[in-house]
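The two complexes that follow have subunit A in common; it is paired with subunit B in the first and with subunit C in the second.
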Partner chain A sequence: MSVVTKSPDRKVRRRGGAPERRRRKPGWWLPYALLGPAVLFEILVHLIPIVIGVWMSFIKLTKFFIANWGAAPFAGLANFRISLDFSGVLGKSLLNSFLITCAFTVLAVGLSWVLGMAAAVALQKAFKGRAIFRTLFLVPYALPVYTGVIAWKFMLQKDNGAINHLLVDNLHVLGDKPFWLLGDNTFVSIVIVAAWRLWPFAFLMLMAGLQSIPEDLYEAAAIDGAKPFRQWTNVTLPMLRSVNTVVLLVMFLWTFNDFNVPYVLFGTSEPAGGDLISFHIYNTSFLTWNFGLGSAMSVLLVVFLLIVTGAYLILTNRRARRA
Partner chain B sequence: MRETKPEKLFRVIVLVVLSLFTILPLYVMITSSIKPLGDVQSAFQWIPKHLTIQPFIQMWSTVPLASYFVNSIIVSAAATLFSVAIAIFAAFAVSRYKFFGRNVFTTTVLSTQMFPGILFLLPLFLIFVNIDRSLGVQLVGTRIGLIITYLTFSLPFSIWMLVGYFDGIPRELDEAAKVDGSSPLGALFRVVLPAAKPGLTAVAIYSFMTSWGEVLFASVMTTDANRTLAVGLQLYSTQTNVYWNQIMAASLIVSIPVVVGFLVLQRSFVAGLTAGAVK
Partner chain C sequence: MKTSKTLVGIAAAVALTLTTAACGNGGSDNASSNGDSKTLTYWASNQGTSIQNDKDVLKPELKKFEKKTGIKVNLEVIGWNDLQTRIQTAITSGQAPDVVNIGNTWAASLQATGAFLPFDSANMKAIGGKDKFVETALKTGGAPGKTYTSVPLYGLAYGLYYNKKMFADAGLKPPTSWQELVTDAKKLTNPKKDVHGLALAAGSYTENAHFAFINAAQDGGGWFDSKGQPTFTKAGNISGIKRYLDLMQTDKVAPTSNAQYDNGTKSVNDFANGKAAMVINQNNADNSIRSQGMKPNEYGVVPFPAPTGGQPVASHVAGINLSVFKNTDNKAGALKFVKFMTSKDVQKTLDKPYSALPVLKDGKVTFTSKAKEAKTFQKIYNTMSKPLPLVANEDQFESTVGKAMNKMFAQIATGKSITKSDIKQALSTAQQQVAASSAG
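Let's look at the complex of A and B:
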């Protein structure tokens, strides 16, 4: 903070062009004092853990050294090499988990956006009962994550679950009751559950965005002969660009880092299709007590997220400027 | 503008499909919570054949639900209180003053939201274990430890949202207070905070909600002594039985406080959450 506190002083002097005598503006320290507790806790819960996390990724932090990690031998890049060695068992499973997470994120975010957009458009114009739907659609978002996901876990049970009962006994779409939380179907299951949980957020944000679009734009488009779908592509979508930028980015980050859905659905066993990356790192760290490896994996995850986020923000900015 | 037929059809279809999708788990949760154990363990019934309120009674003794409840309340409330109190001052500084380092601060706070929880979890766990070993202060398995870890997500979020709410309050208000002889802090407490009350409540509710629903940190940082509902609800599965009816009953009871709080406050909440994105 010492570097920070000196500078306003310099700034004031420069701007005022006043001689040495002129001191700092009275009360210049106030914002820093106000910020003090926040900075202190940010350092405590974010900065220090990040520094230690990066350090951990460079040491052989196995179960023998958990209690005394100062004594853990330096590993250099070994943890990263193991993580990125895709011909080895651990690297291969990390790559697999990464690819599953990518597919999961694209599908869950895409589905959530489509559902949220459909609901927001359907509720754009006033009609009787709009408030009821608006409230109902927000419930999955308001529920504590684990209660909603546990309800799905129950519904996805093989013999006594509602989904199999619906698909097999009621609708006869499937002949045999499949496992949903084991084997091939796990991927479909987590996508659906994650989308159920996430789409209300897209709806919430898009609805707010829609309300900020002036009604006369639609009227003008209607006079020009634009049908509802054209109005949506030519008025709604362009006007929602900045909202979409934020919504998609936030949903991407949440979904890519999601731990809750796989953990509550599967416990600590990782079925092939449900092995999302946070869950994978968690299991690597706490089931085998290899924290060095887990840390290296989470550092790699952060680097990946930083690159994607940076690229996304630059791209959307450039597009917005050109438009 | 009048609505055309296809528009109406689109609306009806969307609303029906999404309502069914939304309600399905809620319906299963509610109806299963009033079925006897035998019924939830056999083939699913859309309409419960036998009704019972036993699950709502037994759920308190199958697992120590009440003590998990107390832990969740204390941890969530304390994390909320801490983070909102710290965030009020920080957000006031960011919203009302131009100072060197302001951008660095806001960018840092925002970007921590981007980091996966697992990145913070591993070091924090290690730090806690080591503090215990070297200083004899136990943090893993205590409420204090959990409260500290919850600041990793509730603090940046509170700061970010409060800046949005404070920005929405006209500066002239606190400047007028200062002209009348109020100190900057006086202006904060007498003018800005009262004006930001709905926003403040929304931030507090949201912070409480996220702590209440937190799973990742809870799964590592809790033991018998400080176990929260997030982990506690998983314990209804024994080796012989999964008490689905009790799980569903407990899920309902656990959900009601936060859902009600959220729905009551949704308007001011939406305003704050979307303020940054829409403008």
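Let's look at the complex of A and C:
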């Protein structure tokens, strides 16, 4: 849009003086016309559902009212009170799910970042076959979520899954075939699957970031006697600061909200270790048909994510300014 | 250059607007196609061996209906795992089909939404009168004292399937009491050969909720009081659940991997493939068993036995009901369709491929040629089954108690032990969940 309004005939306008400035350029409406549908659909697809979602959190939208929303009584803050009452069963399980999700997010994002960084650095210098590796590394990201995760679901089966076959039958690392999709191991499973999905994104972004670091810096560092690790900490990391800020934030938001992975892996019953928060909220509202309560939980989740995002941005900006 | 840019822009804008308009048109076309008196949309649950199989079975019947009434029926077959969510979404959005299949245990919960057409005396008359239905089947149509919002379509009941050869080889007779069931199952279990006495769908919360109900009923338990308030922690409920969990925990007649079986088909397949000597399933298991290559004369069916001295409850009154959405634009056509689907001829035709029990009073069992099996299932359905709680919160019973059972099976499978006090704790949590989420 800015391109169209600022560019070619600024000179003409200046020469023409005041009356002509008021007269609109032919085609001034074009950018608006082009943007119009997008804005309209943005409102339709995002804004309205958000407003409705917030409204739902304040009403008693149980199965008695879903056919006629208008009749649902106003609930005030009752839905929020139940969600945040950590001595009650629903609040307690929400808190528990929240804590699991925090641990899950830290591990999955951390693991993805480490893997993405390692791969990006490894492929930084040109060598024969680099393109093959680059393509290969992006496969998990290119696969549809459902396909990738369902393959993991098969691999993680207890009796005939590939993971247990490898660990128990081939490598004899474990004595008994463990459950990967039941009980506490589910946490390990979901962290691994989520990191597998996510790391190519970190890889892609960091690889792009690495392209912009001038080669001279590494040469200078090498002349000063810096070994590869020192080069990485003193050249690569500082130069990637802004990329990292964004990559980590985006990965945090995606992972914290992740619904697809637990839903495809575990279906409708959330195991103790894989009880991630979006999935938990879905189960709370869909299986008990209490959409008001589910919305209140979602609103709380959004508020939490907004606070974290805001704090993170302020913090990273301040640091950047200081540096 | 400039003109061409403008032209492109106009073209793009027009194209965009047109597509939007087209979408809008498409939408309203669809809506109106529901609206006229010549079409109906029908959501059928998946009853056959696959969704395609269902289409193949239903299409000829729908053609007959079209020929008879001139009403075209648009069919959509929906898998069991999606059906409840789809119905929920349809109720919430108002974008609903005209006629829909529901699991009959949801009838009272769905009735409470107010989204379905009540079968009052006029509507009941339009579909052929309530007297044509088997009474136990009709009673699942909604909460007692309220006008039914669904009518029975296919009848189902649980039975204990056993492998005749395995029983004969071990010199056993099919069990008539719980104690015999466990003794037999132990004899037939051989973990080294990967053969077990029983296969359980221990990871399916709906199956688990059914067995919580049936086993508790055998012990005189109950889940809701007369006011519809949950009474989950009753002694009979705890002992019934304990007995069922113990099949895996202490009797060890079902393998721990069953805790991952999230639908009934997996346990039935184990039975059909000789990995389990017995399986407790509804009569539509006949379909899956045969499709896995087991012949009808290779298995027998007896009622799921109660412990000695317990109540002889062998099943809940299971099955599929038909409901009409209240906001249908073709009420007369919808009622005609319900009448057609619950007519003698169609019932006779559909009961066979769907292995369903007749819901009509003078109906004959057609799904099996084995007279004994037919008799057993009809006896269970008519005299040994109890309806699941006919209260608005029934769905919450299924999800909270069923999921608590899933969790306990998972704990057993991963080596923890579950005591009666653990069960009581879990049921008390489930009850609080029901109370808290209805209060919100």
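In this section, the second predicted complex is superposed on the first by the 289 of 323 C-alpha atoms of A that agree within 3 Å, B and C clash if a C-alpha of one lies under 4 Å from a C-alpha of the other, contacts with A are read in each partner's own complex, and residues count from 1 in each chain.
The rule is simple: contacts are C-beta pairs under 8 Å (C-beta built on N, C-alpha and C of every residue); 3 or more make two chains touch, one makes a residue touch a chain.
This one's a predicted model, so the numbers in the text were calculated from it and none came from an experiment.
With subunit A as the common reference for superposition, the partners subunit B and subunit C occupy clashing space. Once the two complexes are overlaid on the shared chain, A:30 sits against subunit B and subunit C alike. Contact with neither subunit B nor subunit C is seen for A:262 once the two complexes are overlaid on the shared chain.
Within the superposed three-chain arrangement, the count of touched residues of subunit A is higher for B, of the candidates subunit B and subunit C.
By the touch criterion defined above, A:88 lies against subunit C but remains apart from subunit B after alignment on the C-alpha atoms of chain A. Contacts of A:253 after superposition on the shared chain: subunit B is touched, whereas subunit C is not.
Look at A:78: by the touch rule set out above, it reaches subunit C but stays clear of subunit B. Looking at the shared chain after the overlay, A:274 reaches neither subunit B nor subunit C. Shared interface residues of subunit A, touching subunit B in one complex and subunit C in the other, are 27, 30, 34, 36-37, 66-69, 159, 267, 286, 291.
Partner subunit A is touched in their complex by these residues of subunit B: 1, 3-4, 6-7, 10-11, 14-15, 18-19, 21-26, 28-29, 32, 40-44, 46, 86-87, 89-90, 92-94, 97, 99-102, 105, 108-109, 112-124, 126-127, 129-130, 133, 148-149, 151-152, 155-156, 159, 184, 209, 212-213, 215-216, 219-220, 229-230, 233-234, 244, 247-248, 251-252, 254-255, 258-259, 262-263, 266, 270-271, 273-274, 276-279.
Note for the complex: subunit A touches subunit C at residues 26-27, 30, 33-34, 36-37, 60, 62-64, 66-69, 75, 78-79, 82, 88-90, 157-159, 179, 181-185, 267-269, 271-272, 284, 286-293, 296.
Those residues of subunit A lying in contact with subunit B across their complex are 4, 7-8, 11, 27-28, 30-32, 34-39, 41-42, 44-46, 48-50, 52-53, 56, 61, 66-69, 115, 118-119, 121-122, 125, 127, 133, 135-148, 150-152, 154-155, 159-162, 164-165, 169, 196, 200, 204-205, 207-209, 212, 215, 218-219, 222, 228, 242-243, 246-247, 253, 256-257, 259-260, 263-264, 267, 278, 281-282, 285-286, 291, 294-295, 298-299, 301-302, 305-306, 309. Interface of subunit C with subunit A (complex): residues 2, 5-6, 9-10, 12-13, 16-17, 20, 81, 85, 88, 91-92, 94, 109, 112-115, 203, 205, 256-257, 259-260, 262, 326, 392, 395-396, 399-400, 403, 406-407, 410-411, 413-414, 429, 432-434, 436-440.
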